[in-house]
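Have a look at the structure below before the remarks.
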Amino acid sequence: MEILQYIFGGIITFLLAFVVGMTFGGTRRKIIARIQNRYGPPIYQNFIDAFKLFSKTSAVHHGAMHYMGPAFLMVSSVVSLMFIPILRDGGWFPNLNFHGDLIFLLYMMVFGSLGMALGAGQTGNPNSAIGVTRGLAQMVGYEIPWIMALVAMMIQFHTTSITGLMDVQLQSGTWNLFASPFAFVAAILASLGMFRYAPFNIVGAPAELASGPASENGGKYLFTMMSSHSVFAFVKLTLFADLFLGGAGNLVELLIKTFLLYMIPVLYGVVNPRYRTEQAVRWFWGWPTVFGIIAIAYAVWST
Amino acid sequence: MREKATTLYLGPQHPGITGNMMVRLKVEGDTIVKATTEVGYLHRAFEKLAEKRNWLQTFTLMCRFCVPEPDPMEESYSRAVEAIEGRIVPERAKYIRVMMLELARIGSLLLWHAGQAGSTGLYTVGQWTVGDRNYILDLFEELTGARIYHMYIWPGGVRRDFPEGFADKVLKTMDYLEGRLKDYDNLMFENSIFQKRTQGVGYVSPKQIIERGVVGPVLRGAGIRSDIRIDDPYEVYDKLDFKIPTETSSDIWGRALVRREELRQSIRIIRQVIEKMPEGAIYNKVPNPQKWTIPPGDALARTESSRGEIGFYVVSDGSNKPRRVHLRGAAYVHAMTLLEDVLVGQNISDVSTIMNSLGTCAPEIER
Amino acid sequence: MDKGKRFDTIRARIKENFVLSQDKIYADKNRLDISVSKQRTPAILFFCKEQLGFIHLMHVGIVDWIEDGTLELVFMLWSPTEKLRVYIRTRLNRENPVMENMDMIWPQLNTYEREFKEMYGIDFKGLIAAEEFLLEDWDGPPPMLRDFDTEAYAQEVFHTRPGREDAQDVREAIIKRSQEEIPDFAKKYSRQ
Amino acid sequence: MNVIFLILILFLVGAIVTAFAGKWSSLLQDGLFILAVTIPAVLFFTQVEMNQLVGWTRGGIHLELGLTPFSYFFAILVLLLGVASAIYSVGFMHGKARKSYYYFNYLLTIMAMLGILFSRDFISFFVFWEIMTWASYLMVVMNGTRTQEIGIKYFVFSAIGAYAMLMAIVLIHAQTGNFLIQDFIDTYPSLAHGRQILIPILLLVGFSVKAAVMPLHVWAPGSYAYSPMSFTSVFSGALSKMGIYGMVIVFVTLLSHLPEGGLIRDIIAWMGAMTAVIATLWAIAQDDARKLLAYSSVGQLGYIVIAVAIGTPMAMLAGLFMAFMHGLFKGALFMVVGAVEKQTGTTDFTKVTGLIRKMPWTFLTALISIIALAGIPPLGGFIGKWMLYESLILSDHYLLVIVAFFSSTAAFLYAYKFLFGFFLGQEEEEWADVKEAPITMLIPMLALAVGSILLGAFPQLILKPINNGLISLGFSDSYGKLWETSTLFNEWGDKVVLQPIIYAIMGVFLTTLAFTYFRNRKRTRYVSTKDISTSGEIPLAHENLTFKENFFQPFLRAVEPVMKKQIDWYYREFGAGLEAIFNFTRRIYSGNGQTYALYAVIFLIVLLLLNGNLFGQ
Amino acid sequence: MQNDSRSQKIVDIIQAYARRHSLWILAYGTGCGAIEIPSTMTSRYDAERLGVRGAATPRQADVLLITGYLTVKTLKRVIRVYEQMQSPKYVIGFGSCAINGGMYWDSYNTIKMLDQYIPVDVYISGCMPRPEAVLSGFGKLQDLIKAGVADGPKRYEENFDWYRANQKKIIKNWNFADYNW
């Protein structure tokens, strides 16, 4: 019975993440459009796009990995989702958050990149391969401040689990945003790279690589990738809310917190061009890493 | 035998290409080791078709030479025809022509803003400038009836006089644009990432630029003050006061600054033109086009477009059809040979940026 | 006139070194026309560029004088310092157009030569470039020669949409189709 | 006869018999070879008892052999890889020259490794160590390519290690009067302080060479890359772990008594970390699969060294578990390279491409092993990595976590390069008729890959022997604390439960795969890799559409200002130094008997000096 | 699902809705008409509010915009690109040149009738068509999708030999793989 509960809860969580992620994506398009003096698409446009991709009637494949790439991507986002507490008390989302900790989550979250990279490699498109090298390089870039922020939190609060970090905030009454501000800054700066919006949209840079790893994927593959990206956006936002903003007691709180967090990369991205790969990687090893080191020092000092 | 370097095709179907052409890039890692341009996707044989058309029918073909700004083509063709025939253009028409050319330059530079910013991923500027370009096109539409291909500057003058209140509208649009320029500066020229992406990239040595006969903002970006409007003045440019901006860095950034300043100078010129424009006739009427013959002779008319000089070499053999119309686009000389040289050693990320910066326009090569 | 004098000096300097078949000054149009044989063309171009300061090649025009059986090449040079033009004209035999490669003088001549080779069949000796330029898999004659009939070729090769060939007055066709009246403002443009 | 002797002698006899059997029949030789590995292996797992000592005394020197729980764990690794690789070798060496030479040295190496694990005294330890070194050296130079450079590097560094170890042994003998390891461990706390520092350091130098810790790793990339791939899987997978084996013993038994022990451990941990980073960066830059894996091995050994140097119970578990996992996946990966080399004749990424549809099983092995290498759940690699990070955080080594994590993430880059390089990308004409590897090569490869999967789900299979070994070394029983049924705990009470993870991953993966596969199944058609969106243009026949050259240039360009200078400097200086050493060794081995005699005298003098008043009594 | 016609109908309606409100156009400026595409996509006309947006590669795109004349050389690429697109896919012929050759009616290098070579769903007349015309062209395409008659791939499949013969008539060197349906 427990297993059924998990499966059922997992599906509900997935649907929630899918809907929220897609709506956020649509909102992003709307906001960008407004900044660009346009009316913009409706905020449910992403659903239409996704369903259109889903209902494409033909597809091509280049081999087994072509199928498995999007599947790996989905594994990364959905499994990460299932190990993150959505609400503080679980409620309708009885997921597996007591069964994994942050380090597990770190690996689970980077797994998608590698899996997608394999799928992109099978297509044999040179643009895909170049996009993959860029994506992996960028990943190594932003993982450094990100792990620093997480390690700082772990040291400061003596726990490596997300639920532990949420409990700490509940007990002390302050958000970790204030308890370890530098870690928050480092993590947010790293998140700019994770979201891959400008100036870090170097992987699928259209003017350079014609959408990079996704070049050969249309229809059902792109649908899977799009859903996975939406879910993953939700995962990242919820994780940030859990780690730094004390989690959420109910859905409204969750939506407000995640939306505010989502606006940081979105609004930063609208007004910036794209970095070159090595510039992006170096950017992450500049100030974000400095903040990460300060965060660790602060954590050591404060415990 | 398979080549060592990977082949990347930038174009013809590619978001980063500036027109329907192709650059065959051989890359090793992120670095381009060899670049070959391939053109011919747009060859419509204008010059061939002109053989069968009379002088005025040819005119409708010629303005479709390169699409971002058709007015310099109309101007060049008209001036070449006028030069062979010895037709006098009324003074007011000359002023209107200058205004049209400068408006076209503004429109084209706004489009360039979009291309240059979009190639680095800054789409917001592109959305703004292309949106604002519509205001210029509105002016065209009101004056000429068309947004893109106006066929307004034609041999003997211009086709239509100002509608009522048009001059004010032009001035108002210029005021609006001048206000918008600050926004573009904020987002584009003052953005450190844009600077990082462009400074020191796409360098062409001034020596090479002169050798290749490169013209326009690329030439001025290398520190050479050369502009047809001043060197070989046509219409009424010698009566107007404007500056020719130059930069010495000869990279994308330098060329961008040149173009940024040219936009401001164009606004200045338009204001002067509106101010100084005399009243009078606008058109020295040509005969019935079917019977309109032009005495034998040849002429080369050059016009400074936003991408550089555009030359029309027109030859008449005394009949009612041109013997030969031969076009020289701004990008004709450098789009292939220079681009192939400049791209070697550059990063893949910068190809599109460099092409935008050099003002590569495929139809000018192909015609 | 000052311009005329400067042209005279330029013509004199050219004449010191080269035998010209014909020359003419159009001082009002800022230009000096020089006709030379094709063998002398590279030398005189080089001389103008290096010695006289005509460093900018504005354009290379080509005209097919089918009546004379010649192809005329016009090299249009511009001196940014003198602000003057020199046109150097040379004629090639139309049946067997051969010329020396000159892209070492101006690199952009490479593009011009590739085009002339393809469009007019001029053989530039020593030109290094890809075979195809604008036309892909073209097996007809050089298309820009005046004796190539583009209309006939197009009719033969391409499907054309019916309704185009008779070049009828469109307005009449519209009237016939929809029983509309020609509006008054349009009547004056009508052919009747 | 004692079964331990029997095993060793069987190996020796097997080696000799196999070597000569080739004269009669190649098939017989293959069969004998496999028997020569499997029979002792079966004997080992069925007959050998724990802590059973055999000893004898000859000429005043007491020698002892026996099996401790700790060496039992390493013996599992050695024999597992030994058997797998032996079966693989039969396929790999089929039709190749010098098969007898290979088989002889192979068996000798396995025997020597087992001998090391059995040794309870320094003399037999050293003797087996040298046999192992020599046998593997002969393997390294077997191919004859770049023998001069690679072989001499390996030889010189092994010699450095051997001399250091020999010096330590002489010192030990001077202290204890016999060569028994246990005796020395017992007397160690009562030694003079200088000795207490010197002996472990000398021993560590000896072991570090085999474990390829920076700066003693210079030999490793070349030797791993240029020995036959079937042997390299043992070489990198098991043989290098002998260094770890020695190091753990030194750390646990000796350094824990030393006040400066913590410092030395930290230094070694940092050396391991630097090894991991630099070797990883170098692996990223490689274009040859063998070299890539060679550098990767050095880097992975770096993690293991970090873990065992930190030395908390959990770190020790992590290190030894990673050592075992490394044996599994790196063994499999080297076998993959061997298979590709056998089928295509080259291991150059820039040449081979698009083999996935030609060699699907090999690709599957590579995929699983790479996922294990990258430390991605749910495979076994993740468990090692998890324990490593947790133990580093819990033992306050914060910067080490960052460094280890950096190189672990950077490892994704070469991991991807490996898979992409051989198997993905364009399918080219020139590799159109490549066949899947023969079954004798596939089975061991797949078996090792299955091992990686198995250990991800049931790590207790190998954690239990590790724990037993650690208990025998004097650790507390960390097994019960850190490991309950399929749950990893750390001391803060955080946990990772493996079963749900595996179910979740498999469930989501299969669901999505089923969706992408069955959605529009009938209208989904296979198109060749030539039919890709090349911007509308039609590729010419000779044009290369697979992106291989300078694969990670943007990344390498990004690390350039930080690392390039140091790497360059390091390798230039080290290369120069090495050249000097080569020149020196060339002079040492001048072939002149008189010089050798001189060296012996010098060596003795040095020993006497060291033994004398230099460090005080 | 197959037998239940009502639910199938609902799915069809949703599909048609999604297809017509999410038209991704391929970023291929085949001719000079491409100059009005930026205007159409940007702030004043903003085609994105109708769900029209750019796609970088043919695999992702739904709509192939032939912006003006097609030379023989470009036609070859267009066919390749069209065949790489995933159905349902739509073609919009843009400007007079695509309809009947326009002013290049006697040129030796441009095709005169686009629908001889690939199935065209909507033609937009004009030289250039204004952005409003382009938007109305998209509107027309949406109507056709709603009515279920925008079945270019089907026509192409059924008359494949005819299309191929036409294509091969003017493309002399057919050096890319034939399309297997």
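Chains: A, B, C, D and E, in written order; residue numbering restarts at 1 for each.
Assume a contact is a pair of C-beta atoms (placed from the backbone, for glycine too) under 8 Å apart; a residue touches a chain by one contact, two chains touch by 3 or more.
Note that the structure is predicted; figures quoted are calculated from it, not measured.
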item	value
Separation of chain C from chain B in steps, with touching chains one step apart	1
A-E compared against C-E, more contacting pairs	A-E
Greatest separation from chain B - chain, by CA centre	D
Far-end chain from chain A, centres as C-alpha averages	C
Chain closest to the middle, measuring from C-alpha centroids that were averaged per chain	A
For chain D paired with chain E, centre-to-centre distance based on mean C-alpha positions, whole Å	58
Centroid spacing, where centroids are CA-atom means, of chain B and chain E in whole angstrom	30
Chain centre separation (chain A, chain D; CA means) in Å	35
Approximate Å spacing (C-alpha centroids) for the pair chain A, chain B	44
Junction residues of chain A, two or more chains touched	36-38, 54, 56-60, 126, 130, 206, 210, 215-216, 219, 276-277
Touching two or more other chains - residue numbers and ranges from chain C	135-136, 143, 148, 150-151
Where chain E touches two or more other chains at once, by residue number	27-28, 42-43, 54, 56-59, 73, 76-77, 81, 87, 106-109
Those chain pairs that satisfy the touch definition	A-B, A-D, A-E, B-C, B-D, B-E, C-E, D-E
Interfacial residue positions of chain A with respect to chain E in the complex	29, 33, 36-42, 45, 48-49, 51-52, 54-60, 204, 206, 210-211, 214-219, 222
Chain D-facing residues of chain A, complex	3, 6-7, 10, 54, 56-65, 67-68, 70-72, 74-75, 78-79, 82-83, 96, 98-101, 103-104, 106-108, 110-111, 113-114, 117-118, 121-126, 129-130, 132-134, 136-137, 139-141, 143-144, 147-148, 151, 154-155, 158-161, 164, 210, 215-216, 219-221, 224, 276-278, 281-282, 285, 292, 296, 300
Of chain C, residues touching chain E in the complex	135-137, 139-140, 143, 148, 150-151, 153-155, 157-161, 163-164
For the chain E and chain C complex, residues of the former touching the latter	72-73, 76, 99-101, 105-109, 111-113, 116, 166, 169-173
List of chain C residues in touch with chain B within their complex	29-30, 55-59, 61-64, 74, 76, 78, 80, 83, 85, 106-108, 110-111, 130, 132-136, 143-144, 146, 148, 150-151
